[in-house]
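What follows is a pair of complexes built around subunit A, which joins subunit B in one and subunit C in the other.
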Partner chain A sequence: MTEFKAFSKMKELMTNYYIEAKTTKEKPIAWITSGAPVEFLFAMDIIPIYPENYAAMCAANHQSVELMEAAEEAGFSQDICAYARTDFGADLTQGGPAGGLPPPHFLVCSTNICKTVIKWYEVVARKYNVPLFIVDTPFLHEGLNKDLIDYTVRQLKDLENFLSEFMGRPFDRERFYKVLALSQEAAEQWKKMLYLGKTMPSPFNSLDSFIHLGPIVTLRGTKECVDYYKLLYKEVAERAEKKIGSIPEEKYRVLWDNLPVWFKMRRLERFFEEKKCTLVVTTYANSWGGLGNHQTEAENDPYELLAASYLNVYINWGFEERIKYLAQLIEEFSLTGFIMHSNRSCKPYSVGMYRLQEELSRLTGRPGVVIEADQNDPRVYSDAQVETRLEAFIESMGSN
Partner chain B sequence: MDYYAGIDVGSLTADAVLIDKKGKILGYAILPTGNNSQKAATEAFETALFRAGLSKGDVNRVVSTGYSRARVQEAQGSKTEIACHARGAVCLVPDAGTIIDIGGQDSKAILVGEDGRVINFAMNDKCAAGTGRFLEVMAGALDVPLGKMGDLAFESQEELTISSICTVFAESEVVSLISQGKGPADISMAVSRAIARRTAGLATRVGVTDTVVMTGGVAKNKAVVRLLSEDIGHPIRVPDEPQIVGALGAAIIAKEGNGD
Partner chain C sequence: MFEPFYEVINNVSKTVLKYEKEQGRPVVGVMPAYFPMELIDAAGGYAVQLWGNNLPLGKVDGYLQTYCCSVARSVLELELVGGAEMVKAYAFTSLCDTLINLREVYKRLFPKPTLEISIPMTQTRAARRSYLKSVIQSVVEGLEKVTRQKIRGDALAEAARIRGRSRELQRGLYKMRRQRPGLIKNKDFYAAIKTGFFLPPIVYNEMLETLHLGLDGLEDRGSKGPKLVISGLVFDPMEIYGILDELGVAVVDDDFANGWRTVSKDELRVGDLVEGVTEFIFNPAPCCCIYNPDNDRHPYLVDKVKDAGADGVLFWYIKFCEPDAFDRPQLMERLREESIPSVTIDVELSMTSFDAIKTRVNAFCEILEG
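Moving on, here comes the complex of A and B:
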């Protein structure tokens, strides 16, 4: 990874976050999906815990296989998302780097990332006998519209009532507005940092942004999160200013679509560095920059803003919107090609990928490649097969 | 005279080709890879040298390709098999547009530009269905020599279907067809059809051009070639020795001084 001084600060933040969650006696714990409106939870002093983040940590620490095997032994199919299996296994064995997650008092999931989360969280709800609140965010086949926003806003109001009832006190709206402002500010900082990738050579690579995602996923809505991304931005901006690239020589600049392959970060980093190829931008890391996109004027209804933001995420978009966005990123970041990770675990992210590749190449004139891999399951990954495809793709960029 | 070599070490065979500075093939070898790819590469190289009447010192540059390309000691550079099959095929058939290669563990379709440049490629996913290994496993189940599978298929009288796309399950399908008393010719034809269908999908994905060339060991199976040709609706040209096309491409890339 590119060496950033901010990294130690992030480790400290994440460690403190998990320690507080594991030791708190006063604050309730809610398990929540990565794309759910966490701002409501912070407003009521509830600690959000992200099983997805924990599953990724397990895989990056090369612990996901033993945990998935435990889940599979308990009867979960190998065809289920590897995050879900890793978390089921971590819960069954209290395994992984934090020795399992603190038990939840209730659950919140949002369907904007996938529909698996409904069944996943129902399993957890049954096991712990706790309530589950589902925020249903319909798929945007043809973009955002008023009906979809209204439908989601009504659910956000229900979520307020649910939290108020659960905590036995009125929902703290004043606090909520403050949290929302912090959340927006963090997203803006994060996006601003990611867009420094437009500099040539890119001052960081996408493997760095995958690592530095931790706080924007788990701590957005807190002041610590904003402070962290200000610190990181400053450091990255300095590198951009001095034209220091993330790799010694940058010949190719590419986009990465879909989640990282968490258990292959180091190997892929070495591979790309050797091939003089920087992963510059990813649809995945960009997904947490969305809240910063919207207006913050006082007359805007914050509920509509949140509903629109959480509906309007890449993985919840239809085909046409995805194509347009990818093509725009390829132009804006002056990319030479694109890599699409067909992720066995994440069907909604991977569906239609060959068609996307074809159409995007036609539109942009840049080559692309689809690799078959998985975010968390090393048992379905082959180094030789993936690297041959990537190498042939890089060769094809070279001959153009 | 200047001489160049290409060594292609795949999952099933290690192939070496020697060319002169005009690109003429002087000698080649095809040996089983076995369990030591480095040794197989050296043996293939030495055999090709012997057949060409040359020694190692005569060779200016060696480029390796195939799955073990990074572990070929003799090579000064390497290139993926996608680039090498494209170069080799275009060398043998200059107007080649679509190249279909079915090797031991990979099948791929490559679309090339006028100069042999790779425009697009598609490969099989992780599954071995439709590869040389698939054919080898089925030949084993039928107890028919691999080289006889194609000719045997042409004697087929009854149309059978192998429905599974998984090599392991398809093998058990073959075993159950045998136990139902079905003949080896009909089963061999069904196996060929299964391979052709899967490969046609890859070819269609990258685009079928006027001149289609097929390379790799499976191109020696005439039944697969004919069925594939029917599926894509185009004649297919097969070089005299389809197995050495990757190594030939590597040798040409060596001659040009390329290969990282």
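Moving on, here comes the complex of A and C:
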């Protein structure tokens, strides 16, 4: 990874966050999906816990296989999302970093990242006998419209009622607006940092952005999160100004679509560096940058803007929108090609990807490649197969 | 008695072409699951249900990964090899992530219109109602465009009556199977249910009425083998029923999305279409793909087994179906608590070798028979 001084700050932030979550006696714990409106929880002093993040940590620490095997031993099929399997395994064995997650008092899940999370959270709700609140954000086959926004707003207001009832006190609207402002600021800082990738050579790469995702996912809506990304931005901007690239020599600049392959981060980093190829931009990390669209003044109806933000995420878009966005990124970031990770664990990201690749290549004239892998399960990953495909792809960029 | 049903399911294209010509109605391919086909009927369309097929998979590999379920893959293969030329439009529901994206794939690949009942998975009732209202409105408009015919109230009521009758007759078969195990061979039973996927409902109803008359006159054959309830998404491949019949297994009830979960639905209430469709989607049988905490699958399945007097449960797992796979371990655990044995078989619609399944089911039967 590119060395950033801010990294130690992030480690400290995330460690403190987990310590508080594991030791708190006062604050309730809510497990929540990565794309859910966490601002409501912070407004009510509830600690959000992200099973997805935790599963990614397990894989990055090379602990996912043993955990998934424990889940499979308990009957969970290898066909289900590897994040879910990793977490189920951690829950069953109390294994993984920090010895598993603190048990939830309730669950919040939003379908903007997939419908599968409903199934995952249903399993958890049954296991812990805790309530599950779903914020359903239907897929945008034909883009956003008022019906979708109204539908989501009503659910967000119902979420307030749910939280108020759970906490036995009125929903803290005043605090909520403050949290929203912080959330928006953090998302903007994150996006601003990511867009420094337009600089040539890119001062960071997507593997860095995957690592630095932690706070924007988990602490979005806190001051610490804003401060952290300001710090990171400053450092990255400095590198951009001095034209210090994330790799010694940048010949190719590519986009990465889908989640990272968490258990292969180091190897892939070395591979790309050797090939003089920078992963400059990724649809995955960008998703949290898009959450800064909501405004925070009450008179602007923040609920509608918030609903629009949470509906309007890349993975919830129809293919027409996805292709347009990808083409725009290729143009704006001066990319020489793109990599699509056909991720066995993530169907909303992956199903239809072959067609997207074909159309995007045709539209932009840039080569693209689809690699078959998984975000968390090394057992379905082949170094040889993936690297052979990537080598051929990089060669094709060279001949363009 | 079942020959006419096999005639249909073994000659699907021929059958659909015949009725398309006879009726002069555009064929609408209906993807899994719970799309209220009454709307298609009332718009003057010919609804044909697509629950997958057993085509050898080839072309689809260029469009869908092998980790997509064989329902999605085989349905797309059918269109890619030109086997669905007669289908003029596709009707989807947002049942799972694969089907949601599959609609996008269809939109990119084929010029045929697609419609979708986007199922609201919220417990915020007022939001669900108003959203579903807008969804139904858009589906109605889409259908009317495909068929160039307005959906009139009287046509919808008539469609509801006819489809309601189909399901009522199917429920009659289910009841007969529960009460008189072994009377209908498993394969014959599902041939009769499957036939309904492809026929105009009025034609299908006539066949079912005739079948009922024939079955009523039969003497019980009895059943010595184990009695099972089967749970899964799709009740294919049919070859497995041949194995069950051979092993003397009597399937006494099921929990298939295209079996009882659909068959159990009452006549669609069209007076208040939004309420009617809500009821149609969410009740009475729970489904792994539909979030509905008020209708828990666990007690439901336990009761089903007890009511049917079954000896055990066979989980019929179509590979890569995540909603089904997520539910299964806890469901099996619940069954264990109730001392109800269960076993899982992994199936793919395009599979050609059934030896492993036979061995597994046989072993399960031996356990049940002590």
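By our rule, the second predicted complex is superposed on the first by the 393 of 400 C-alpha atoms of A that agree within 3 Å, B and C clash if a C-alpha of one lies under 4 Å from a C-alpha of the other, contacts with A are read in each partner's own complex, and residues count from 1 in each chain.
As a working rule, a contact is a pair of C-beta atoms (placed from the backbone, for glycine too) under 8 Å apart; a residue touches a chain by one contact, two chains touch by 3 or more.
Note that this is a predicted model, so its numbers are computed, not measured.
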Per residue count on subunit A, the busier partner among subunit B and subunit C is C
- Figure out whether A:64 sits in contact with subunit B (first) or subunit C (second), or with both, or with neither. neither
- request: In the overlay, answer first, second, both or neither for which of subunit B and subunit C A:388 touches.
  value: first
Discussion item. Just to be sure I read the superposition right, which of the two partners does A:376 touch: subunit B = first, subunit C = second, or both, or neither?
Written reply: neither
For A:258, is the partner it touches subunit B (first), subunit C (second), both, or none of the two (neither)?
neither
- Which of the two partners, first being subunit B and second being subunit C, lies in contact with A:354: first, second, both, or neither? both
Query raised in the report: Should A:367 be classified as contacting the first partner (subunit B), the second (subunit C), both, or neither?
Result: first
Task = With the two complexes superposed on chain A, say which partner A:312 touches: subunit B (first), subunit C (second), both, or neither.
result = neither
Note: overlapping subunit A surface for subunit B and subunit C spans 354, 372
In their shared complex, subunit A is touched by residues of subunit B numbered 67, 79-83, 106, 117-121, 123, 125-126, 205
Interface with subunit A, subunit C side, in the complex: residues 62-65, 67-68, 72, 94, 96-98, 100-105, 107-109, 116, 118, 120-124, 126-127, 130-131, 134, 288, 291, 293, 317, 319-323, 325-330, 332-333
Within the complex, subunit B is touched by subunit A residues 354, 358, 361, 367, 372, 380, 382, 384-385, 388-389, 391-392, 395-396, 399-400
Within their complex, subunit A touches subunit C through residues 74-77, 79-81, 84, 111, 114-116, 118-120, 122-123, 126-127, 132-136, 138-139, 141, 147-148, 150-151, 154-155, 158, 318-320, 342, 344, 347-348, 350-355, 359, 372
